[in-house]
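Letters are used for the chains, namely A, B, C and D, taken in the order the chains are written, and counting of residues starts over at 1 for each.
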Amino acid sequence: MVTLGIIGAGRIGKVHTESIVNYVRNARIKTVADPYVSDETRDWLLKMGVGSVCGDYHEILNDPEIDAVLICSSTDTHSDISLEAIAAGKHVFCEKPIDHDLGRIKKVMEALSGSKLKYQVGFNRRHDHNFAAVKRAIDEGKVGDVHIIKITSRDPEPPSAQYAAVSGGMFLDMTIHDFDMVRYLAGCEAEEIYTQAAVLVDPEIGKAGDVDTAVITMKMASGAIAVIDNSRRAAYGYDQRAEVFGSKGMAATSNDTQSTVILSNAQGVTGEKPLYFFLERYMQSFATEVKGFVDAIENDTDTAVGAIDGLMPVLMGIAAKKSLDEHRPVKLSEIVY
Amino acid sequence: MVTLGIIGAGRIGKVHTESIVNYVRNARIKTVADPYVSDETRDWLLKMGVGSVCGDYHEILNDPEIDAVLICSSTDTHSDISLEAIAAGKHVFCEKPIDHDLGRIKKVMEALSGSKLKYQVGFNRRHDHNFAAVKRAIDEGKVGDVHIIKITSRDPEPPSAQYAAVSGGMFLDMTIHDFDMVRYLAGCEAEEIYTQAAVLVDPEIGKAGDVDTAVITMKMASGAIAVIDNSRRAAYGYDQRAEVFGSKGMAATSNDTQSTVILSNAQGVTGEKPLYFFLERYMQSFATEVKGFVDAIENDTDTAVGAIDGLMPVLMGIAAKKSLDEHRPVKLSEIVY
Amino acid sequence: MVTLGIIGAGRIGKVHTESIVNYVRNARIKTVADPYVSDETRDWLLKMGVGSVCGDYHEILNDPEIDAVLICSSTDTHSDISLEAIAAGKHVFCEKPIDHDLGRIKKVMEALSGSKLKYQVGFNRRHDHNFAAVKRAIDEGKVGDVHIIKITSRDPEPPSAQYAAVSGGMFLDMTIHDFDMVRYLAGCEAEEIYTQAAVLVDPEIGKAGDVDTAVITMKMASGAIAVIDNSRRAAYGYDQRAEVFGSKGMAATSNDTQSTVILSNAQGVTGEKPLYFFLERYMQSFATEVKGFVDAIENDTDTAVGAIDGLMPVLMGIAAKKSLDEHRPVKLSEIVY
Amino acid sequence: MVTLGIIGAGRIGKVHTESIVNYVRNARIKTVADPYVSDETRDWLLKMGVGSVCGDYHEILNDPEIDAVLICSSTDTHSDISLEAIAAGKHVFCEKPIDHDLGRIKKVMEALSGSKLKYQVGFNRRHDHNFAAVKRAIDEGKVGDVHIIKITSRDPEPPSAQYAAVSGGMFLDMTIHDFDMVRYLAGCEAEEIYTQAAVLVDPEIGKAGDVDTAVITMKMASGAIAVIDNSRRAAYGYDQRAEVFGSKGMAATSNDTQSTVILSNAQGVTGEKPLYFFLERYMQSFATEVKGFVDAIENDTDTAVGAIDGLMPVLMGIAAKKSLDEHRPVKLSEIVY
């Protein structure tokens, strides 16, 4: 039985709480820390069986009973709390991204170096039933040598321009998941990135200095070519697909829907739209990733998504932005930190 | 908060325990009763938060704190325990079927008559996301007047001939779910049934006096025609589909799969087989039905599947068997009880 | 090179003319006979390369250069002209049905007995790419022993009540194709038929003594069970599907569409409706069947659909009607002729 | 009635002959010219109703009865024969590409300038039922403003390295069709192209100086982003898809198959592979494009695919190659001619 503390009781903190209570039999949540927790959330947490709720996360770090922490606080605190938690001897599950600053991620990696502590980054989509099945098809040799990887990732609604301005930009806020997926499916690193991007969804996003539509091409170390297409707004909902093409064939996913019902009538033959909300779409993956983290602690095995997996997508996002700004392909080796 | 007792800690008793613990926030399981419970199951139940485990279900019936019971014991005990539980003033969730004897079901209905107790029968498929979506399409008028209802229901593996011999026969053991689905989707009763059936899967089932393959046609009170096709063994797994055709169009489901991945290679373009095992396929529906039962108690509303819904599919199964035996269409009004 | 005469220049006569001119390289149409041919049709026929157009089909039967005739005249003339053509030593392609009177079909069969003349009935759907692919899957053993055959056959629009009254009824006018398909896919004869039918589409059809909706169950000689569902009107167009289930798996078709385009938008994920019109849907099959007829003559092989294949679906239609009228399963052996 | 001459009796010349004879009622083929025609081909042409077969195409150009020519000879002759035919006052249907040399295409355009002659380039895929349906969805406003265009185009088998060496390279030989499709679907020109490409299928192609796998990104004049992915070899056959994403939704095609049959068995749920051979896949489009050419002559309307449409994809192919060679995005305006 692994004893957990959760730092941050916002949306994702509650998702993890619910997943752990419902699915992770070998873990218990002793403490949740959040300085701004509402009474309603506190009551809900306690009803869910959380031991206690406090304001200061140092209570968690100082509690010798707590084996591991989940860092679910705001993005700008992830690397600092990671460092503190590692110093306190806690295993860490850190929501993505570790940081937008590569140097700070490097510090976390250095702090982990030589340590036996487990560190996992919250790239949940690797644990999704569809994407994991594509990966399995590749690993079983059904695709052969991988030649082309295509990721389609489109959000149902754009963020506010204000959010866009402070989010680190689309590449670090949204594409970061797709960069991780490319690495996961390719089984190797990207060497070079070229970005074609535009503001087609919301001019306010453009005024805030960001883009909302992009096609990003990557040359992978294996020689494969990867391409991501992003939009901040798909009229039909949350579009999350992957297609991997290789010497023996192709593995491709389609979107999940609420039901398989098809309605045939005078207007056409119509199925349901993709699941709209990322929490609904990826709920299973949040449970699976946290289960894996707890199992890695219990069995002393590697986590599925380590600190290096937290670093590389940020590096890719920075390269993608540099490509857009400098209007040329950018090698990942150009990004120094 | 509704306090529950569960009678029977076999497979379905454990499924309900897990669903309640994980999803039904307004209920708690105080006691589980099973005279043959293993140590392993007892430990699991207690770890899941069940208050206590006992051998004699009368402890549950006599416990004034317990509001409602789930009858998950063997089929031959359902009606007797239902009667005892009603007499003890407990709300009842009874696994299907209430009984294979119509007279005994009638006694349960009489015991409920005038009572304010809730009674729900475990026809879980009504709560399945796919079938419920078909029903919703009908209720929203998208299909128009219903003309033809088609249910395909095929098991991945046949039961042993021994089981077939004591199960009440395929119509009461397997088709009973499909009879319920026909009533649910039609929104009315069947008036007449004709059965075409055969032994094509396993000759031992035939020797045991049962059939393993059937096409059953029904005339519904609305004038619609319904048809069920059953097989005890589909080589590709558990095949569970419905198609409702009407004046404005058709709503049809396909099977659920583990993932949406399609593999294209030299052999063809291949998707996954249907989910194989009924617990995996219908897990969500078990949680939804029990949640609904608890809500009906809390809000004092009707249950979704009442005692009459437990009676009619048995009556239909008896009529289907009579049609097969007498080689003619049989009216439901011919079945007296 | 086979020299053909076509008797009847209505819709199907023109379809065959076009198919032969375009696709059947080893045949030429010397003469088309139709007493009521319009100037426009005559011009079109001549432009298509037909040698001559006449009013009296006896010119064709008396022409020693003509090897074979296609009987595309009105249904009530099929058997008489078949007999005359056989007497004149012509090979015959006869549009379905040969006759609605079994005795008259029998006469045609007797006339053919011992003759070397080829006789083919126009059950074109056997030659359709989808249905032929299902048959091929069965023949290649991919389905295993056939247990259940399901045919869905729904028209886009009902006929007028006047037509319904003189058409021989839905079973002989529409279901006859599906009876043929059941025999084709089962590879054996039906032994018994049970009909459940209703008037749900158009009350005028009921007043004319016919039905417009039916589910027809058959016991096949092999032990397999077949079921046809028919409607005279599907709001989404022409619905033509087959599903064959057996010991090793299932082969199923879906409908053809004009394109594969799927539109995803705020309303859903929508594909095209089935091809609406039978000529559009089955155009390829008309060409293939006539090509096969000409090849059978040239190579002196059996035709794909002989006179017995013209007889049996009519017999099945009569049995289906008798089942409906007498409200009981009817054995095919009860129908004497 | 338009009188045609066909120059070149190779594969595509025969395809057009067959299409015209079978489907184009308002045209006749008077002469086919090919210096290397085999006896077998000559016989086949005459049997198809072609008036005569000659060796020298100048017979066609000098024949005052002939209104229009189809240039189906080898690629290196297209521009010269186009110029001769225009000079001879013939309407021209020219197989793609007009030339690989932009200056020579320009000469053809100059020759046409001010002329009333019709000129059509053989980009047949615009006339394909699937791609035309995507275009229709865009034109009807169903996609809204176009943001992202994705073309997948993969061949079933790579060409020989020898062919690759003389074909002008993959971009001019294969991608040229996809460049045309991008322009067609975008309704505007590309402004800039970036190529990521590799040799992953056949090292011999690399030795011949060509590539066999590519992802090509384009910035369109409208602001939309387009991306083409190419492979010279898909294990599952000929993969030809398009996806257009815009402000209101997405229109996407899937591949055509020989039948709609799905086989469900212990191995999975398997549909047919895409049609393998381009002639089989695109047969309908060849007939439609030639029909359109003849109609444009008869009705004195613009052709669907003019000389400018022959120029631009070549220009795009040259820009794509330059991008690959210089490892940077290339503006189309950089390509001077």
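In this section, a contact is a pair of C-beta atoms (placed from the backbone, for glycine too) under 8 Å apart; a residue touches a chain by one contact, two chains touch by 3 or more.
All values derive from a computational prediction rather than experimental measurement.
J.: Half is the threshold here, strictly exceeded: which of B-C, C-D or B-D has more than half of its contact pairs identical to A-B by residue number?
T.: C-D
J.: From chain D, which chain is the farthest off, judged by mean CA positions?
T.: B
J.: If you average the CA atoms of chain A and of chain C, how far apart do the two points sit, in angstrom?
T.: Taking the average C-alpha coordinate of chain A and of chain C, the gap between them is 58 Å.
J.: Could you put a whole-Å number on the gap between the CA centroids of chain A and chain D?
T.: One centre to the other, that is 42 Å.
J.: Could you check chain B for residues that touch two or more other chains and list them?
T.: 234-236, 239, 248-250, 263-266, 272
J.: Considering the complex alone, what residue numbers of chain A touch chain B?
T.: 21-23, 25, 47, 129-130, 132-134, 137, 142-143, 248-256, 258-266, 272
J.: Where on chain C does chain B make contact in their complex?
T.: Residues 144-145, 147-148, 150, 154, 194, 196-198, 200-201, 213-215, 217-219, 223-225, 227, 229, 231, 233-236, 239, 245, 247-250, 327-329.
J.: Quick one: in the complex, what on chain A touches chain C?
T.: Residues 234-236, 239, 263-274.
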